[in-house]
């Protein structure tokens, strides 16, 4: 199983480098720069834009749309909804990160509205966010999760059956990737990663790049989770703390080799 | 004196790591990412949000509010005023950074309005900003200060007696921390720190984390000033310039030990 | 030729360190922090502000204005137009970066409107952007260029003769600097630079600092292009990827010596 996943990750990674998919992001103010740098280090072509007047043209040349509600406001929500509509028309993949769903009604409702509007989407959230979207009462601590990704698997499955969500990545100490028929648990990564802001948002952005080239939404999410967590694991080993992690992580995305995945990738099917 | 301050800093630092206070920031566009990373490296839990529709809920789960007017606009000012009101109701600490007060009427007036609205606050500014808030004519060079922090001590004391300001940190080559009864001068830090954007804003954000756990507003400001300037001093010694300073500084916040403070801390009472 | 340019770069560099020109930026959300840090590392004094209520006062104390439309929206466009008007009155240099011109009508029209409003300006764009501004049909891939800077020289010359544009820098694998009488081709830099977001925007910001001290708009653009590309070349040699490039690049801006330019600078007149 590990070997076929490695080949799939690597095939996608090379296709991203060759085709340089244009990934359009409407994202939060904390990770704007880091997202663009991570996409560039991977080989994709990032674009950040939120003006309603240009979204149709910009999405007309884009290969994927990434929406992240981390620092949402009413004007940005309008842009996000408009962008999802144009992405539907253009039939490009849509990746949605419901940052902080459950922490405020505005976040939960906005995330659900975007998911309902999208004709197809991949959702990336932490355990608490996925539970909140599935309408479960949760305890919230802002944008961090108090829940294990595994506890959110039924919630993710119900979102997939209820909406046009094709795959969900649940990030946490172990990540989970779910679609209508498969559920895998990913044990890569490093405990240093939650000490860097926006590592989850970076996974979302990179899922956008994979979604432009990957075979299925599930493989896009799975391959992005695997690559980001292995690059993070390798970066953490070279780092003295979250500050030195940042340059090492971008360097890893840029220089990673197929051989780096072998012996590291740790995926299992959920029992 | 140094030893009792070190014990107080360390007790707060450990309490931040254990309780992970949620620090809500409405801050400027330059330091959004750096502030979140500095708070995470320290062990706190940062949250950035400015939508009026969710501020009551978000502040309802927060342990401190940090307001920084560095790239203010009318909409953001409305959010800041609303946030201060909710923080008053919730009785959580409020830390205000009047970036650029004195450089424009908008900045001076906004900072004063926020300080007047806050039922309690800690203010962090440079010498020029504190003088401007105390209604003294100053020469301005944007967001940098042309004034020595010591020259602003009387201005800080008058702000404390006039408004519900409980403590003021004045940043500069030597930092000053003032409350109604005490005034200390802090001689840590590095001359490389002004070559990195937002080091003052980072001190403000970290003061927010300390204010959630510290004994008094004065100790919160004093302990934050001490920790940031010693971490900066240690990072500068390892750095070739402001670029390498940044990762070293975040690493220091993450890995600093109580022993690092001993022999370095340099605080004296103002004469 | 190289030696006289090196002396001109170094004279400007030292004048920036001594006079610390205040460079006011209305820039995009991706590079806000990086621009401020690059300007500080160079020795200039950056200021970011976009509120219409304070632009007159802020520009009143500024030595140069930098406008970058990378993540423009209607409100920001209003601020940019207002800022250009105040900079005209104050007679300070204006540097305009038409990020993504050609990718949307909003970007092309906004960039042209700003250029028309400016009584004098330096424009920094990539090949595609300069061609788009000269009203030539281009193929667009978002904010990246599919065109060689040399192909855009006639377009740059026509912009200079048609509008009050005094000099244009066209960034790419080889950079081109053009004014009404001169056209130089600059062969410094590193192929790692396009893997970092906003390197072009950083060149624009640094051109702003040079424009405040340099002899002519052309020398400001030429000296900024030379310094940024040589600092980038030196940083790339020390880097494992785009992540480690970032701290090395800022360190180089901070520590570069005149001797670093000798033997590296590679400028020729366009044939």
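Letters A, B and C mark the chains as written, and numbering starts fresh at 1 in each.
Everything that follows uses one rule, which is that contacts are C-beta pairs under 8 Å (C-beta built on N, C-alpha and C of every residue); 3 or more make two chains touch, one makes a residue touch a chain.
Computed from a predicted structure; not experimentally measured.
Listed by label, the chains touching chain B and chain C alike are A.
Interface chain A/chain B: under half of the residue numbers present appear on both copies, so the contact uses mostly different residues.
Spacing of chain A relative to chain B, judged by their CA centroids, is 33 angstrom. For chain B, residues touching at least two other chains, in rising order: 29, 32-33, 246-247. If you check the complex, the residues on chain A that touch chain B are 28-34, 70-74, 100, 103-107, 140-144, 194-198, 239-244, 246-247. Listing the residues of chain B that touch chain A in their complex gives 20, 22, 24, 29, 32-33, 36-37, 40-41, 45-51, 53-54, 57-58, 61-62, 75, 246-255.
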